[in-house]
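First subunit A sits with subunit B, and in the next complex the same chain sits with subunit C.
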Partner chain A sequence: MKIKKDEVGWLLLFIAPTLILFTLFFILPILFLLASSFTNWDGIDAEFVGFENYIKLFNKKSFVRAITNNLYWCITAALITVPLGLIIALLLSHRSRGWKVFRTVLFVPQVVSSAAIAMLWAAVFNAEYGLLNFILDNIGLSDYKNHNWLGNVRTANAALIGFSLCYVGYFMVIMLAKTASISEDYYDAAKIDGASQIQKDFYITAPLIKSTFFLCIILAVIFNLRQFEYVYLMTAGGPANKTQVLVVYIWNELTVQRLGRGSAAGVIMIALGAMLLLLLRRLLKSETYN
Partner chain B sequence: MIKLILKKLSIIFIAISFTVISSVASAEITITWPSIWVGKDSKTTVIGELIDEFNAANAGSIKVVVEEQTDYDIYAQKLTAQIATGDLPDIMTVGAQLLDVLHRSGKAMDLAPHINSDPHWNNVYPENALQSAMTDGVLSALPYELFVTPVTYNKKILKEAGYDEFPDNYDDFFKMCEAVTANGKVCTSQMTGKNGWTSMLWYSQALASAGGPDIYEKGLDHPAYVKAFEVMEKMYQYTTSDAIGADAGVSGGHFLNERTAVFMNGPWFIARYTSDGIPGLHENIGVAAAPMLMGGEGSPGGYVGGRQSSLAAGKQSDPAKEEAIVKFLKWLTIPENVARLSYSSGAMFIVNADLPNDMDRLFIEMKQGISDAPYVAPIFQNGIGSLAVASEFPQALSALALGDVTPEGAVEMLQDAE
Partner chain C sequence: MTNDNSLNFYSIFKWVIIISFVVYAVFPFLWLVLASLKTNAELLDNPFKLPKVFQFQNYSNAIQEAGLIQLIINSLVISTCATFLNILFASMCAFAIARHIFWWKNVLFLMITAGILVPLNALIIPYYAIINFLNLYDTRLGLILVYCAVGLPVSTFILTEFFKGIPKEIEEASYLDGCNFVARYFRIMLPLALPGLATAGTFQFILCWNEFIYAMLLTSSTEIRTIQFGISYFTNEFFSDYVGMFAAVVVSILPSITVFILFQERVITGLTAGSVKG
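Now for the complex of A and B:
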């Protein structure tokens, strides 16, 4: 669409509030972050140190591990959480008896404070009095009687990422809403052709909600790239930095007054996020359903 | 139409008048204090009473409002961020590790002029206590709470394991742990969650024992740091299964419920042995100096401890508010008030206060321990002089406890955090 000359003024006027707010709350902080990442700012004094913060970060095992863990979170969300949400959405889209109950139950974690959920799961995983160990012990797996799920290097990440699967409800609801907009004509035609329910799900519903599925993957990756509260509250990045993630790492740098290095980690996180989104856009190019 | 406009204008006029009158009438100064002495903290009750009494005595002119901060670590982190942004609260409780940053920021109220203008603080503080807390003639924080961290142990559990006395060296200590374990109990309460507080205290004891009270001046290359981690590595063989990742509540909870035999924390925990411990626990508790490492540079009976919380205030532009804050700080340092705090919580304070004769037995034993101690070395968190190294300690300790690194590797993790 070509913009006429006399419309430019109006156009600028209408986008000005958004543009000003975006510049004020996104662009300027990012520029400030970038500038401070080249200093040794400790909240009081700052000196220019060039790329020293970046070099030190990439030489730190715990920082590299934080990036790796964030990628694990993103991959798990994209390959397990969202597809699981799709499967549940497909099942619930049949509107079988009690589907609303399941939908509500699966969505409940979204409306509960994440801090409360983190504390709840920390109690479930507790080695001494946790529910999980109690169940495992009672079904004969006594080796796990006092297993410290969140305090063991082999199981801490799995326990954290595993419990995040309870957030499948968020993506399920988005995809379920999309299934409601699919025309019944497709299913009637398929019924006449003698298609089974599974065939309808896989050959009609799934392809027609593909764009929403891809949107969910992008959302899941964004959410998990900025993962903070569960890791911070349940393990604080431990044991031995094994569950460290980028935002917790940045938080730790800020709390020890290394704001310059924290800024550098923030810049790396923004760059990583941008790269991941560009990559996903290339991978998930799809036709939209009309 | 005109009538309607006049009616609306008169309503607005009355509303504005009320606002102006109420703001003029309420010349009360409000002082906000984000306080950690709330919730389950042993000082909660008396601090609450002192604030109420102060507010009542200054009704209409000064009001102290507490913002409850129940998590010590989060409080310290929040304070760190506030120091960086310059948005300090009116009054704050500052841990020793933040004193240097607070001073360098220049955003804290300098209390030195108030010492010179009024004899109160010079009268109630021991000689040189305030002078030694100054940097370049500036007093950014008023030293307030003191602490030492001797070992507290459950005499009943030790007796069942065949021990009447607490061992004075680590060889005997681990033999005792073996006996306690054989008897179906867990020997020590440990933790790596948050700042690893109770384990960090053990590490500090072992460090001072191995390298002497001036260990922090010798640098992280000194072999004492490795030796102290060797002690911790062994200590984690005799602790609860949830120690890795546990916080102070879990670590202390095991001792309060007689699941563990030995625990280390400051005197402020004394009141909780009665309030939160299982019935009869307090009577079974003994106090001892930490064991010694054979061949170490420390001395038998040496303690770790030092300055715990200091009271500080944010710089004020309004002299009246500054005066009000100073008045409240003086109220908190009146010897009678300090004695009440000490009596109810077991906490120790720098202010000279006449303590009642019926102070808690454990408090008296700890006080005696300090008097007899050849030294009181700083704890690792305060002595190491680096927030980054102190913050890496729980990660290094958990890596060590899980066998992910050797004691040398744990020290490398600390060096790497620098």
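Now for the complex of A and C:
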């Protein structure tokens, strides 16, 4: 609808709150982050120090470890969690009895807060009363009796990755919703040709929801780049920085008031996110024909 | 569509996969609820054994000792206000973008929705500084503003797409009848867009209720603290009272699961709306 002259004021007024908050909490913080990353700001004084923060960060083993761990989370999500979500989405797309119940139940971890999920799984992995050790003990793997999964250098990362599989439901729901838009004609034609269910799933449904599959990979990468609660509450980055991730690293810099250094880590994180997004877009675009 | 020959290998595989992931997703929750009704001594015993007496006082203890009621009230107040403001602002902006022609509207829409892709947790240091600068550290208003703002890109996106899908005829008729800008928004658009508002609102409420890092970053006193940050204190304060911690975790997850069960169709359509664009 064209705007009448006397309504321009109203239009601006309607956009203003969103625009002001967006400027205040998206644009300004990013500029602020960039500016303070070149200083030695400690909450009181700030002096320009050039690229010192960046150089120091990349020479820190724990910081490089945080980046590789974040990438490790992203890759696991893209190569394991999302494909598993696809398989479950294909299976539930048959819409056999009770599929809605399974969809709802599998989605539940997504609506529960990360803090509660982290505490829940920390309890599952607990050495004394944890559910996992009890089950392992009872199926005969008594080596793991009283094994501290999250406190052990060898098992901490594996435990974190293992628990993150409980989030398959989120990606499954997105892909499953997409299957509803597929025309029934394809399946009717396949039926006449004598296609089995597995052929229908992998030769009709899967290719037709490819774009949504790629979207899920992008979402998975963003979520795993910015994740904080699991590592912070389950291992706090330990043992020996083994499970450190970027946001926990920034948080630790913040608590010791090394705000300049923390800002530089934030800039690196945003740059890494942008690079991953561009890379994924390029990789995935060449795969889609439509 | 299925039942061709229901006992083939593929359908066995199917049920094994589905059931095992359901177990993976739900079983820890059931264990948690059961454990929250035991004594600390029973907890160290067989996790599948039912407690001798259901220890409902774990809940009342957790509620009293940790001040859970206060935490829940704080979370409810903050989440409700942030959701209301977020939906109000986002729907106003979405109305302006979806229903009017002005030369910079595409730039505006692209800019705001690009906010969805920003890894916001990288910005904790600037947020801390900005909230301190505004003198809103350790206030409910500070958290409300932050929660309202961080959800704006998603809400604006969902609502703009929804508004675009509503037929223009009613609005154009009212426009010719002399209905002004504000009246068109309140009396025509909002009532027609109720399902869209519910979708965006559900997302926003769950986001606010579950938020942890900003609650930890921007508040310090117990009177302001939200439930998510509050329950994390259990890991420090009561080293041995595991069952109390479990009870508190159960209490903290009930509201978001309830909201989800009530509005699940809306949540799922919201996810689809978000995935249309890609």
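What we mean here is this: the second predicted complex is superposed on the first by the 261 of 290 C-alpha atoms of A that agree within 3 Å, B and C clash if a C-alpha of one lies under 4 Å from a C-alpha of the other, contacts with A are read in each partner's own complex, and residues count from 1 in each chain.
Here, contacts are C-beta pairs under 8 Å (C-beta built on N, C-alpha and C of every residue); 3 or more make two chains touch, one makes a residue touch a chain.
Remember, predicted model here, so these are calculated numbers, not experimental data.
A.B. asks: After superposition on the shared chain, which partner residues are touched by A:Ile198: those of subunit B (first), subunit C (second), both, or neither?
C.D. replies: After superposition on chain A, A:Ile198 lies in contact with subunit C alone.
A.B. asks: Identify the partner contact of A:Ile30: answer first if only subunit B is touched, second if only subunit C is, both if each is, neither if none is.
C.D. replies: Only subunit C; A:Ile30 stays clear of subunit B.
A.B. asks: Looking at the overlay, what does A:Leu259 touch: subunit B (first), subunit C (second), both, or neither?
C.D. replies: both
A.B. asks: Go through the superposed model and pick first if A:Ser62 touches only subunit B, second if only subunit C, both, or neither.
C.D. replies: Only subunit B is touched by A:Ser62; subunit C is not.
A.B. asks: With both complexes overlaid on chain A, does A:Ile139 touch subunit B (first), subunit C (second), both or neither?
C.D. replies: It touches nothing on subunit B or subunit C.
A.B. asks: Under the stated touch criterion, which partner chain does A:Tyr187 make contact with: subunit B (first), subunit C (second), both, or neither?
C.D. replies: The answer is second: A:Tyr187 touches subunit C but not subunit B.
A.B. asks: Where does A:Glu128 make contact in the superposed view: on subunit B (first), on subunit C (second), on both, or on neither?
C.D. replies: In the superposed model, A:Glu128 contacts both subunit B and subunit C.
A.B. asks: Residues of subunit A touched by subunit B versus by subunit C: which partner has the larger set?
C.D. replies: C
A.B. asks: In the overlaid three-chain picture, which partner chain does A:Ile88 touch, first (subunit B) or second (subunit C), both, or neither?
C.D. replies: Second partner only.
A.B. asks: Across the two complexes, find the residues of subunit A that touch subunit B and also touch subunit C.
C.D. replies: 128, 254, 259
A.B. asks: Which of the residues in subunit C end up touching subunit A in this complex?
C.D. replies: Contacts found on subunit C: 1-2, 4, 10-11, 14, 17-18, 21-22, 24-26, 28-29, 31-32, 35, 43-44, 46-47, 88-90, 92-93, 95-97, 99-102, 108, 111-112, 115, 117-130, 145-146, 148-150, 152-153, 156, 168, 171-172, 175, 180-182, 185, 206, 209-213, 217, 228-229, 231-232, 234-235, 242, 245-246, 249, 252-253, 256-257, 259-261, 264, 267-269, 271-272, 275, 278.
A.B. asks: How about subunit A: which of its residues touch subunit C in the complex?
C.D. replies: 1-3, 7, 10-11, 14-15, 17-19, 21-22, 24-26, 28-30, 32-33, 36, 84, 87-88, 91-92, 94-96, 102-109, 111-116, 119-124, 128-129, 131, 134, 165-166, 168-169, 173-174, 177-178, 187, 196-198, 211-212, 214-215, 222, 225-229, 233, 246-247, 250-251, 253-254, 259, 262-263, 265-267, 269-270, 273, 277
A.B. asks: If we count contacts the way the header does, which residues on subunit B are in touch with subunit A in the complex?
C.D. replies: Per the stated touch rule, the residues are 76-77, 80-81, 83-85, 101, 104-106, 192-194, 240-246, 386-388, 390-391, 394-396, 398-399, 401-402, 404-405, 416.
A.B. asks: Would you mind writing out the residues of subunit A in touch with subunit B in their complex?
C.D. replies: For this pair, the touching residues of subunit A are 42-45, 60-62, 126-128, 146-148, 150-153, 156, 235-242, 252, 254-259.
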